[in-house]
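Labels for the chains are A, B, C, D, E and F, by order of writing; each one numbers its residues from 1.
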Amino acid sequence: MPRPFFEPLDASRVPRFAGQPSFMRLPTPASAAGLDIALVGIPFDGGTTNRPGARHGPREVRNQSSLMRRGHHVSGVIPYERLAVADVGDIEVQPIDLMQALDQIEAGIAAICAAGALPLAVGGDHLTTLPVLRALSKASPGRGPLGLVQFDSHSDTNDRYFGDNLYTHGTPFRRAIEEGILDPKRIIQIGIRGSVYAADEHLWAKDQGIRILYIEEVMDLGPEGVIAEIHRVIGSAPCYVTFDIDGIDPSQAPGTGTPEVGGFSTHQAQRMVRGLAGLQICGADVVEVSPPFDIGGLTALTGATILFELLCTIAAGYPAPARP
Amino acid sequence: MPRPFFEPLDASRVPRFAGQPSFMRLPTPASAAGLDIALVGIPFDGGTTNRPGARHGPREVRNQSSLMRRGHHVSGVIPYERLAVADVGDIEVQPIDLMQALDQIEAGIAAICAAGALPLAVGGDHLTTLPVLRALSKASPGRGPLGLVQFDSHSDTNDRYFGDNLYTHGTPFRRAIEEGILDPKRIIQIGIRGSVYAADEHLWAKDQGIRILYIEEVMDLGPEGVIAEIHRVIGSAPCYVTFDIDGIDPSQAPGTGTPEVGGFSTHQAQRMVRGLAGLQICGADVVEVSPPFDIGGLTALTGATILFELLCTIAAGYPAPARP
Amino acid sequence: MPRPFFEPLDASRVPRFAGQPSFMRLPTPASAAGLDIALVGIPFDGGTTNRPGARHGPREVRNQSSLMRRGHHVSGVIPYERLAVADVGDIEVQPIDLMQALDQIEAGIAAICAAGALPLAVGGDHLTTLPVLRALSKASPGRGPLGLVQFDSHSDTNDRYFGDNLYTHGTPFRRAIEEGILDPKRIIQIGIRGSVYAADEHLWAKDQGIRILYIEEVMDLGPEGVIAEIHRVIGSAPCYVTFDIDGIDPSQAPGTGTPEVGGFSTHQAQRMVRGLAGLQICGADVVEVSPPFDIGGLTALTGATILFELLCTIAAGYPAPARP
Amino acid sequence: MPRPFFEPLDASRVPRFAGQPSFMRLPTPASAAGLDIALVGIPFDGGTTNRPGARHGPREVRNQSSLMRRGHHVSGVIPYERLAVADVGDIEVQPIDLMQALDQIEAGIAAICAAGALPLAVGGDHLTTLPVLRALSKASPGRGPLGLVQFDSHSDTNDRYFGDNLYTHGTPFRRAIEEGILDPKRIIQIGIRGSVYAADEHLWAKDQGIRILYIEEVMDLGPEGVIAEIHRVIGSAPCYVTFDIDGIDPSQAPGTGTPEVGGFSTHQAQRMVRGLAGLQICGADVVEVSPPFDIGGLTALTGATILFELLCTIAAGYPAPARP
Amino acid sequence: MPRPFFEPLDASRVPRFAGQPSFMRLPTPASAAGLDIALVGIPFDGGTTNRPGARHGPREVRNQSSLMRRGHHVSGVIPYERLAVADVGDIEVQPIDLMQALDQIEAGIAAICAAGALPLAVGGDHLTTLPVLRALSKASPGRGPLGLVQFDSHSDTNDRYFGDNLYTHGTPFRRAIEEGILDPKRIIQIGIRGSVYAADEHLWAKDQGIRILYIEEVMDLGPEGVIAEIHRVIGSAPCYVTFDIDGIDPSQAPGTGTPEVGGFSTHQAQRMVRGLAGLQICGADVVEVSPPFDIGGLTALTGATILFELLCTIAAGYPAPARP
Amino acid sequence: MPRPFFEPLDASRVPRFAGQPSFMRLPTPASAAGLDIALVGIPFDGGTTNRPGARHGPREVRNQSSLMRRGHHVSGVIPYERLAVADVGDIEVQPIDLMQALDQIEAGIAAICAAGALPLAVGGDHLTTLPVLRALSKASPGRGPLGLVQFDSHSDTNDRYFGDNLYTHGTPFRRAIEEGILDPKRIIQIGIRGSVYAADEHLWAKDQGIRILYIEEVMDLGPEGVIAEIHRVIGSAPCYVTFDIDGIDPSQAPGTGTPEVGGFSTHQAQRMVRGLAGLQICGADVVEVSPPFDIGGLTALTGATILFELLCTIAAGYPAPARP
């Protein structure tokens, strides 16, 4: 007997403004058991060095994801016909103690992995990606370090902040490399820009072998060129995809903690995410949506759309259902 | 074996910004079976004659109700210790066909009544109260017309709008009186104000015996005086309580379709609602919260608080749990 | 044959959100000829010393005045049955040259006076009241200085700003007294508050005989006490009424250039304005509504409501139409 | 004697923030008699399936159109020198009864057509285009079905919503095709995107022969390529142009009911509209501007600009005035 | 030679919108040396359990304090004539590590105390008051526990949150009592309200002897009655004054992390603060202004005004300058 | 001994949200003595013909410039290592008397020039550029007229407004040409668009020899093509750079007085500004940032970023520091 799949609430019956919002209007089982993909919120922003608020991200992305319909207008993929996808709620993480929070997040993702589901997370600030990566790493101990496709305006490979604080949203990928979770030679960062602390700001990252695509190169290459470069860097081994919403131009994603003007557009972002098809993705997230700084829900809508694009891209790797 | 009660999500474990919002963070059973009080959303604003948006009310009231804790700081009542209360979701109502919508709403409330639960609804515009009253009336055929405690800036007893439109948010109580559902001599309207279409605007209402407390009288009497007048008019027979958020001053409830400056305050509203204790309330609602016109969620927060006050007031009529 | 009166657009036919907004939805004749009361906008804010934007006031007050209906719910007065009232548009005033602007405003009001109509103006910053008073004074050369009822948080009787600038929104009533247009002994200022430049800030005003009711006294007296004091100071001779929207608390009138927290409420304001009935009012205005700083149109709605209260109060002095 | 043309209010005399706003600051005659082009508002949003508010569109587009000057900076066309253009106000349409509203809108447009004027309308939701098309069709009974140039993110050719509701803003062009008003082989839809209900979402539309230009193709072709395709599909027979503001990216048009991220830019939109010159346009509209969801008036400004571009494009087909 | 006092930037020379904002437009010396009162910001919100953002409080309160003039309109006090007052900037506190932050704040206040100045602080969340109290306590080792006048909607005497987190903005006064810094019998809390976690929510506080004035009692007593009660509880021994902006009604202070509707008004707050004159105040603060949730700067303006009221109240205890 | 340079506040020590905001977090010396580049605010908007508010520009640009770090991510230039740069505060200019204000601004810039520093100003409306140019001209009497690189949506070469007003933000460059300060043949205007008053709107400008790059040409040329054209027009003689923020698309710069949709993007703007390297720039400004119309600080952030780009571009012409 085939495993049952979950369907979003039917908008031809219940209007989009009605009902409790879950990610993509999907059911909300108590756990990830039986799921292929677990949509999960990580409402934590304790690693934020400037403007807070990403703790409110999961709720507003859920809210705006009410506007998502079932399928993709380009690929024709309807993920819910191929995979068991549901919203497993938010990880229980408290906002006061950062080190405890990292453990709570890791435990929450570990439970999803243990259930055999792929985590598709909504942050939270970018530090939340670190415990997600830790959990993924521990769940597949023999797999080796992961590759990373990072859409972002910042490299997030700084060493420490405000003296000796090692864990902030500006340091997760340095920590992950140090911990052996990520393979720096299979990291590509797309859209990096903004003023820098020092002329050699990205020296450490480049020395590790990280491929930084500054925004100028992104604009000059165009989505197709960027996609080719992603596939070249990542190859066929497993990778994680992290989408910091501040990679997108602030006019299209104003609700974020550290905006940098002059970013790529949502349209370019959608095309680049679609181009990830074919990668071996073992987890993904959308982070840094900060509703207190958002305008009219635009950033949360953008976040929900990117989440849907990621979901469809991953689902594209699974067989389509037979149609009569 | 005692019936199990429902508890809100524990804020000492899950922060208020986390998780899917339900009314008061309560569980969301699929039906009202086994409930004493069913919190229910009615996302419909098709009766609105000016600024729309109350269809988005239930979702935002749910969102802001995350700030509600378990008990009342004055009465000490914790409703969840006395009654089975839960969020049964939104009534399925489409936004296109007004007459069909009235039937859908009535059916949704009828199901709650059939389950033996008292409906505590969140609109939607004020027309949504009409089908709620119809369902309550049909559920208790021998009970006779209900009394009505109406907090509002408008009487909502007009006859018709835009030619021959009988069903708008300016007409529900005229219709309910005509249909024999409400006893006009046991209707009290509190906070009425604003410019009028005609010098004899409220002549029909007064001729029916409705007691109109204009805002000037509300301010002069104070909450205690208003409460006494409510009890005098309503007496001990069953009644319904409807709270139009536009009764409150627009500085405290800006997100509504027909704001009238110079209203009573939230503090006064809370005191008046508390004074309803002792009435035989068979249903209640909070209506006309229109999030597209809201500012910083203030109106939705006010609506959630009034909803909580109504819940505690009703619960106060039930025995407190024995404490060891 | 009786003179024809003007009626607002009928809201039972054209919804309030439809149509071009005029003050009170009234017709917009090309001039004040034949009018008893001319509603007129004065879109000028060149006298503003801090936050500008009152030039946009007339348009947004027109917009929000769409919510006004025909009559007053307390007095029962329907001004359009007693008087010919219409919206004569905005005075043509340019924003660049302050001294020229004062002349333009005076000329615009002079034309209204010449037509025999009473001007009921919407500013504009408070400096715009000065040329209105000049025009009124010249139109009735033998009348003597006017009294002034001023609702405000500031006395606006400073001498000069930024060196030798004599004409700003902080100086109009000093200039008007110096010019012999106002009788300082028949000026009452209601709601004065806020920090002061000097301990003897209001010494000049008090020395002239101006009656300053600080906000503390307003709150302690209540509307009835304030009304009595107004009548005592103004007496039966002609007066002008000027309502600076910043007299009202900023929570109810945030959109203004120089907000001062802790003001009187809109409800109190309405009652005080109603209490002006019986005064010999020869002109009035509502000023300092600054839409760029407004929130959700609340200040403009408050301004429109005060304008309507002023209109009804003036109309109350005219005979009611005979009813069959 | 040449027919007199209408001129916008002169901004060198009356500042843009002054005066009652009409479309393009044009005069507001009581009817379309003598006009070549009638600018008209259709304040109705009863066909909206998600976020309402387009009923407020005409007023805010009028407001922002105060920023439009007389002529076009690229073509040099000054429409008011070639054609009699004025603002005939809003069609009287009530918000409660959808079927009655469709009749009211059709009657309003029929009156414009009867006067010999071309309607250039501002909605309102997209359902309002259906009665406009009906009126145009009946006004020229022998003309045959019209072509349609549709800028939009949605095809709006769905069959029914929420059970059997045939008339929503998601269905107007299916109805118009069924009614024989539009020739599907001469329909081109530009900018279609967003998630879909089903993999074969647009199957019916394509089967009818509609040319759908998805956003990806729009971006790849560029404005020039799109213009060529428009002319190929539409040819030289009469057509209607409908511009749903949600075709534009939500960062430039956030105030709309069903935003879809990743759209074309305003700059691209302007170029595409200019490229319509040469088509035989017999009517046009701008729809789905929803001010309650707008941010800083940006969407209304964009709508006003597109309206001006449409006006200039149509006027370009008429002879320029002789210059001395 | 008399010590020089500092004067705010002269608004008759430099407009209020010009220049870098400091608290009250005062000079910004590098340290508190020579000051009587040091205005100081504490930009930290790591103790926030719900909506963050109070870290941005000091900057926006500085910004809005540009509207403060030199003196008090009721008392006539001009603090800058009696005391050396200046803005010593923000304490350097990082946002990542809560325990380190508490030490940083304490060190910053200790430096002010060591310079002999009284700290008048702007938070930050309410947890920031704990290290301020610690520094004050250590600076005067023999003084004994302080009294506390607390304007607030919450008691902030909970024990722990989210498991075992002892330090949050809901616990500072429990910690301070445990640490012997505050004398619970000389604590008065004014304006407490909102739903509660448990029926015995405030049992611990009351058992310690804290005097809780719930909002109902505040409203019934009025400012004069509250002032009397404050003096009765506090007496003549040293005390600290802490003003949580959420004590004020959210319509007047929406920008805060945990709003509770139904609060006292700004006007009432001003009167109550003025009534503190005569107490032996050794420090004070305004906390929980959260700009990301603020509306039009209203909460920051309210915070700046309360800060000014506190400053004038303290200054009232010092001799006025001799006037020639 | 080398002259000391100024460094921005260290963000690894003091978070970006802390401290008083100055331009780029630089020190704020009392004068320009010893500076190479003086960042200076000009808070004046008296030349504005439509929506005011640019007087608030310097403060908010300072605020958002807290997000700027030390160096440029493309050029690697760290201006503070090459030049003495500081924030000299705002020019003291009153808002009431336009002609006096022009003199005040000129005097303020003259002082900077006299100190030997290059002025890098933040307006204010575009009229403020005229007195800046006058001061620059007088400071180097033998230099001859300057070239001008103008990013803008308007040519600002109109003759007069509202009758005979010669000095508005629509006329500065006509005046500067007439006064012999600018060489019209070395003026290039980039991004001009929007509807026009007359078909020959720019006839005078073109007759003078000004090179107008309409937005269509800007988009077609791309940044590289525009840069080439700039260098062709300006050549190697001294020039001024003025960046009107309304040149950028309103989705990225909504907070401005006269928005024109369809502009160039921030990314394009950044590239064009970088391409100015090599020009002999003797002063520059960013104008028309109007915070009351801004959304979420986006325009001020864009303005701060352009200011930083200008600073880095100018600094690129100076030798880099020797690195050990």
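As a convention for this text, a residue touches a chain if its C-beta (ideal position, glycine included) is under 8 Å from a C-beta of that chain, and two chains touch if they have at least 3 such contacts.
What you are looking at is a predicted structure, and each value in this text was computed from that prediction instead of being measured.
Novice: Please identify each chain that touches subunit A as well as subunit D.
Specialist: Per touch definition, common to subunit A and subunit D: B, F.
Novice: What's the overlap between the neighbours of subunit B and those of subunit F?
Specialist: A, C, D, E
Novice: Is the contact between subunit C and subunit E built from the same residue numbers on each copy (over half shared) or from different ones (under half shared)?
Specialist: Copies use mostly different positions to touch.
Novice: Suppose chain centres are the mean of their C-alpha atoms. Which chain sits farthest from subunit A?
Specialist: C
Novice: If you average the CA coordinates per chain, which chain's centre is most distant from that of subunit B?
Specialist: Most remote chain from subunit B, centroid-wise, comes out as F.
Novice: Would you mind pulling out the distance in Å between where the CA atoms of subunit D average out and where those of subunit E do?
Specialist: Each chain's C-alpha centroid was found; their separation is 56 Å.
Novice: When the centre of a chain is set as the mean of its C-alpha atoms, what distance in Å lies between subunit B and subunit C?
Specialist: Once rounded, the distance between the two centres reads 38 Å.
Novice: Scan subunit E for residues touching two or more other chains and write them down.
Specialist: 13, 15, 17, 49, 51, 55-56, 94-95, 161-163, 249, 251, 293, 295
Novice: For this entry, which pairs of chains touch?
Specialist: A-B, A-D, A-E, A-F, B-C, B-D, B-E, C-D, C-E, C-F, D-F, E-F
Novice: Considering the complex alone, what residue numbers of subunit E touch subunit C?
Specialist: The touching residues are 11-13, 15-17, 67-74, 76, 78, 249, 251-252, 265-267, 269-271, 295-296, 298, 301-302, 305, 308.
Novice: Under the touch definition given earlier, write down the residues of subunit A that touch subunit B in their complex.
Specialist: By the definition above, subunit A touches subunit B via 13-15, 17-22, 28, 41, 43, 55-56, 58-59, 62-63, 87, 89-90, 92-95.
Novice: Give every residue of subunit F touching subunit C within the complex, in rising order.
Specialist: Its residues touching subunit C are 45-49, 51-53, 55-56, 94-98, 100, 161-163, 165, 167-168, 292-293.
Novice: Help me check something: in the complex, which residues belonging to subunit D touch subunit A?
Specialist: Residue positions touching the partner: 49-51, 161-163, 192-199, 201, 214-216, 219, 249-251, 254-255, 258-259, 261-263, 293-295.
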